[in-house]
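Next up is a structure, given as structure tokens.
Think of it as A, B, C, D and E in the order they're written, each chain with its own count starting at 1.
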Amino acid sequence: MPKSGKPKLAVWKFASCDGCQLSLLDCEDQLLSIAGKIEIANFAEASSAIVKGPYDLSLVEGSITTEHDEERIHQVRKASRFLVTIGACATSGGIQALRNFSDVKEFISLVYARPQYISTLRKSTAIADHVKVDFELRGCPVSKDQLLEVITAYLGKKKPNIPNYSVCMECKLRGVVCVMVSQGKICMGPVTQAGCHALCPSCNRGCYSCFGPKETANSSSLAGWFLQKGASREEIVRLFRGFNGNADAFRKESEYYEE
Amino acid sequence: MNAQPIESILADHPFFKEIPREHLARVALQATISRFDKGEVIFREGSDARNFYLVLKGRVIIETLLPHQGLVNIQTVEAGEMLGWSWLVPPFRYRFGARTVQPTELAIFNGKHLLEVFEKDPQLGYQFLRRVLVAITERLEQTRLQLLNIYDNPVK
Amino acid sequence: MRSKTIKVDLLARVEGEGALHVKINQGVLKEVQLKIFEPPRFFEAFLRGRDFREAPDITSRICGICPIAYQLSASLAMEEICGIKVEGQLQELRRLIYAGEWIESHVLHVFMLNAPDFFEVPSVVHLAQVHPEMVTTALRLKKLGNTLMAIVGGREVHPVNLRVGGFYKAPAKKVLRDLLPEIRWAREAAIRMAMVISGWEFREFTRDYHYMALSSPDTYAVIEGSLASNRGVDVPVSKYDEILTESHLAHSTALHSRTRDGGTCLMGPLARYNLNYDHLSSGARELAVTMGLQRTCHNPFRGIQIRMVEFVHALDEAERIIEQYEVPSRSFMEVEPGAGTGYGCTEAPRGSCYHRYTINKEGIITDAKIVAPTSVNQGPIEEDLWDIVAHNMHLSDDQIKFICERAIRNYDPCISCSTHFLKLTVDRE
Amino acid sequence: MIHNNLAGQGVVSDLMKPSLFRIESWKRESPDVFTMSFLPKDGMGGVGENPGFTFLPGQFNMIYIFGLGEVPISISGDPAPGLPLIHTTRSVGAVTQGMSLLRPGAEVGVRGPFGNHWPVERAWDKDLILVAGGIGLAPLRPVIYSVLNSRNKFGKVILLIGSKTPSEMVFRGELRDWDRSKLMEIHLTVDRGSKSWRGSLGVVTKFVPAISFEPENALAMICGPEVMMHFTIDALKKRGMQPEDIYVSMERNMKCAVGYYGHCQYGPHFICKNGPIFPYSEIEGIFREPEV
Amino acid sequence: MKIIERSNFGRLIELLKEAGYEVYGPRALDGGLVYDHIEKDSDLPEGYKDQQGKGLYRLEKSGDPYLFGFAVGSQSWKKFLHPAEQRLWKAKKTGNGFTLLDPEPEPRPRMAFIGVRACEISAMTIQQKVYEQAAALSGNPATPDAPPFIVAVNCTHPSNNCFCTSMDTGPRVRSGFDISLTEILEDHSHYFIGESGSERGADLLAQIPSRQATEAEISRGKAATDKAAQSISRSLDTHGLKELLYQNYNHPSWEAVADRCLSCGNCTMVCPTCFCSSVEDTIDVTGQYAERWNKWDSCFSIDFSYIHGGPVRNSVKSRYRQWMTHKLATWIDQFGTSGCVGCGRCITWCPVGIDITEEASTIRNSPKTQEP
């Protein structure tokens, strides 16, 4: 910790949409309290003042998709005492990891007029595939309450209250009627980690797994059930190949149904 | 020296618990009782394995020589336990060394002689080897538990 | 004078990551480059093969700052293909959540990204030490925008409640009506803040811009209208590609969106204000007058004021919509896929966000094109920078750097959005 | 009649409210184990005249550290009346790590005592075998104090202790004193010795075959990791002890300590209220089942 | 017994409200039947029926005017009596320690439940036992709150998943209610046969316009529930079930069910008797304020059994086994009753349709006795 007594916070961005770091600025009620407890030392989106590292707490958004970023994440790790990845990109590779299932060269030529200028890795990968991560916060985007909890827990040296059980748990805690059982909607809730307070079911739609697989996600049982209920194999592939499609439990399932 | 006859000393040792009297008498003929001071070597790692021991009193440490670390203690063998079975299995050399850490009293049997006795009396040999096997099994179990590191702090 | 390079390696207080390189040789300005080093993410590529209903959720992930723009542009395009038109209360709800996005995004830009420049402090947290009241007010205003997004959309970033055809669930009347006092407070506060801002010093700088935005005869266009400009463009959104094309420019490694004749055009608040002033709410127009703004404004450094005008407009819109809101009988219109190509364009806080999709009869996307406003605005940004640097070469590097950064921030460029088509060069020595 | 259980407003809420205790002393036992003594903070806990803490050997408290959370910790002090509350614990999680940083004067929340206790009185006129693994000695220490307070009521008292290394052995000073007192027989063993360690090396069960006691008139109390208890039970049974005379201390996730939150279920038992101590005969059917 | 005409049913709700009760009852919301606040009888799901199967629920229009023509709601009354999330206390950091802050006085409504089924009253009684045992440990078994006013409705429309007859908990209520009703719909009449189960129930019943029931009407009421009982096809053989499960900790069927089980926790959340909860200690970002929360938890989550070093029940097999064995066997040792009331919710709301009765009979049909 620096002499000022306040730990230093850094926010890093890799391939992402900025939504997760925006969630920090979206903590309108607590932003100034946070700034009172922790020095915002390196957060380009919010401040042009860059304080030199090392940093006590680093929040890392985004996935690794370029050689340069592959190197940069190691520098970030070196400069960070406690490194937390925030969001689906950083924890599983994000939506851009859909490239992992295709030929990235073809992707480049589809999007770019001058493919030779594009330098990119074949895969989009999670931060933890490259460096040691001290805590992974899920979500596309992260829940700002959970983000606050992680920061608060860090400041208080406690374990954050971040459950890894299913979305169904939150759905029932909230009193929402299951959209899958009562309306036959496809829902990824049973294999998805909680954190959103069952947002989609509460909006009367099935969960599409922003938060990625729950602990011990039984993807094959759920996928089998979908199939039995009339979903096509292509649909199942798309379901498991979403914002966390590169997470192990989901990737294996989508590959199984793709064949 | 010991006023007690060897046979009754051996009879008190757990190794021979419930062994038929005639067997015990025959084995006792092979035993000598020996006292070791603290820190004496009983046998060295790699040396020819000649003897079978029962610890009567005291404590024996099993040790091995590791490059860079010197002698490392692995386990102790306490009063009531047996020591040394390498005379039973090729290449008939001690895999580890043994040394006393306290004044220790041992019953020592010559392995070759024991085998000769067993040849003549397979019943006795069977009784004896079964006990050795039980002891080895226990030792193996203990070693496994040691490996498990069960008291370790899980968060370290 | 020796040759020198002014570099800002990491642009601060913009969304996403970019850099600025200015090269001056013997006192002559040689190069101005706004570099984007956001890695490419290939949205248009992996949209192929996805179900058309997934486009709003997937494309919102292009940008966490203005997800509604993506969700609605995508939805409009899909609805066009499938031959439905969302109207009535559902359309009003779309306007309402868009107002929420404008409120949130404009406050973010005005107070958290741009205002620190006027006080030469690095961040809103530092600003809070100088002007605590302004910052707490700003945070409360921002929260209102987020609350609107959360009520209508489920959450602030990447809302889940929007779908092709409308909404998954219509919000209850009461929760919306409960917001009215806060909206009314917000308007008072916004006007108060706008007057404070008007007292700040604005750099004198004007150029003859080609403004482009959606325009409608009935309303300050956000999710409707045609693509119009002050130089005579007035075409339906489906003709977007005929007006604007992406091209490589010699001095830049990035793809720029340019008009057919190679010119640049400017999108966003300044363009909308200049093109659609008459459709601003009366309160917003009143504020513009009180702030001393004319019917037109050609100084991008006054963008912060224009955003306050739009901010009040968005609040007025929100109030109007909520006051007449009735829960619609159906929260969405049924959509059956039909093969074809469709176009959608809506006004993101930063300018027009354009989507084009082709889907097959199974509803699977076979082609997608997305142009974010920042790619269009890159042209005028670089031109502004040329102008500014050329006129201020007598200043120190640090001063030039500072002015350039401010000039870029005028546009509130959202680099995250841009990166799925902007070329990446990594040139950081 | 059906009551309204509203957990936050009823008795359960009261049960979940800690009383404030102040740390009186702090002592390091080993690199990650420490002992603290507590007294109730004035006006708290309704203790009044008697500042001590009444409990039975083997019981535990829920200790709350402000903001960090609450953990169950067995009481390791002397159960004689009028003495401060003593806990010995290891830093294994955020709460105990936070606790390890507290020093005299700091205040913590205490709920308890909870749980059942070692059947010390059943051991009267019998030999008593205490087997402790690692930090498992802490919950057995109150038994030792009880025994020492009325030593003549018991037969032989044999204490077997296993630990990872000599430096991780807790209560070393006291162990030495007890050993010298000759009031009990103590055998120590460690998994890994130090250069200077001249004691026994190996697991604690190794002593069981050789110690001398009357298995048919003895009581054993075991506290340590489950796997160590397994082997100790086997060894004691081999010596002829009956399952109902062997007591073990079980561990599960305890949240409320009153059997209301359900986490600590172990077969039909709630560890927090039916346990933590069980005669082996009561859990024999499930003890060896994995993941019960 | 009294006959209350359908047209006078609304009086019951009015009277409860006049007596100061917040009235709760079933409502058709979001595709399910939700126990929620009701103001008037038209809030009740008149003309609805439910279709239940394994992992399947459909609320449909029935075309007849029954007010209670369905089985049980998607979640139980547990949410009122044992709320999903509740703050237990707040504390503020002070000096070297902290001070518990007095809870702000929250107005606590007296609750009245309308449409409670027999199985649900059994569930309430079972949860009550859990609560009482915990309270007894405090040495202060104070009666917590005013008991809710219970208007039970005898079940005449059991679902495919109901097996209250196996658990001896229904379909007719026996006790634990203030008023019980049986809804009768005949050619031209629609009425309720009312009976009081408590003094306050009798008082209230007396105020509703009614007349004495005739013998014929009473037997019609009985016939309606008898018919319901006969229509229940699902069953769970409880004979020796506890011992059976105790002897089958290693039955291969646990592995088989684990292949399907999502360990999502739905069954425990909808179960009217599952009481497991968690304590969550929180602190605010300033580090000055702390709170303790009570929150439903589930033995299906991996962290449920966490002790330092790792969870005890890692495998889904062990988690399902824990739940089912607890529900049907260990519960009996703990509380003297089965933990299952046969409401069928766990079967309906399991996303992949796992059926507790089927799992139990699999083990019964191929028991694997293990050595003691």
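In this section, a contact is a pair of C-beta atoms (placed from the backbone, for glycine too) under 8 Å apart; a residue touches a chain by one contact, two chains touch by 3 or more.
From a predicted model like this one, the values you see are computed outputs, not experimental measurements.
The chains in contact with subunit A and with subunit D alike are E. Each step here moves to a touching chain, and the least such steps from subunit C to subunit D number 2. Core chain by CA centroid proximity to the global CA centroid: A. Among the other chains, the CA centroid farthest from that of subunit B is the one of C. By number of C-beta pairs in contact, D-E leads when B-E and D-E are compared.
In whole angstrom, the spacing between the mean C-alpha positions of subunit A and subunit C is 25. Spacing of subunit C relative to subunit E, judged by their CA centroids, is 51 angstrom.
With centres set at the average Cα position, the gap from subunit A to subunit B is 60 Å. One simple way to say how far apart two chains are is to compare their mean CA positions; for subunit A and subunit E this gives 36 Å. Residues of subunit A found to touch two or more other chains are 156, 158, 204. Annotation for subunit C: no residues touch two or more other chains.
With touch defined as above, residues shared between interfaces to two or more other chains in subunit E number as follows: 282-283, 287, 308-309. By the document's touch criterion, interfaces exist between A-C, A-D, A-E, B-D, B-E, D-E.
The part of subunit E that touches subunit D in the complex is made up of residues 80-83, 86-89, 91, 93, 95-98, 100, 103, 106, 108, 111, 121, 124-125, 127-128, 130-131, 133-135, 137-138, 140-148, 150, 176, 198, 246, 249-250, 275-279, 281-283, 287, 290, 292, 294, 297, 299, 304-309, 312-315, 317-318, 322, 325-326, 329-330, 333-334, 372. Partner subunit D is touched in their complex by these residues of subunit B: 14, 59, 61-62, 73-76, 78-81, 101-102, 138, 141-142, 145-146, 148-156.
Residue ranges on subunit B touching subunit E, taken from their complex, read 154-155. Considering their complex, residues 10-17, 37-46, 48, 50-51, 54, 57-58, 61-65, 67, 108, 112, 116, 122-126, 128, 135-136, 139-140, 142-143, 146, 154-158, 160-161, 163, 167-169, 246, 248, 253, 255, 331, 405, 414, 416-417, 420-421, 423-426 of subunit C touch subunit A.
Across the complex, subunit B is touched by residues 32, 90-93, 133-135, 162-164, 168, 189, 191-193, 197-203, 205-207, 209-210, 224-225, 227-228, 231 of subunit D.
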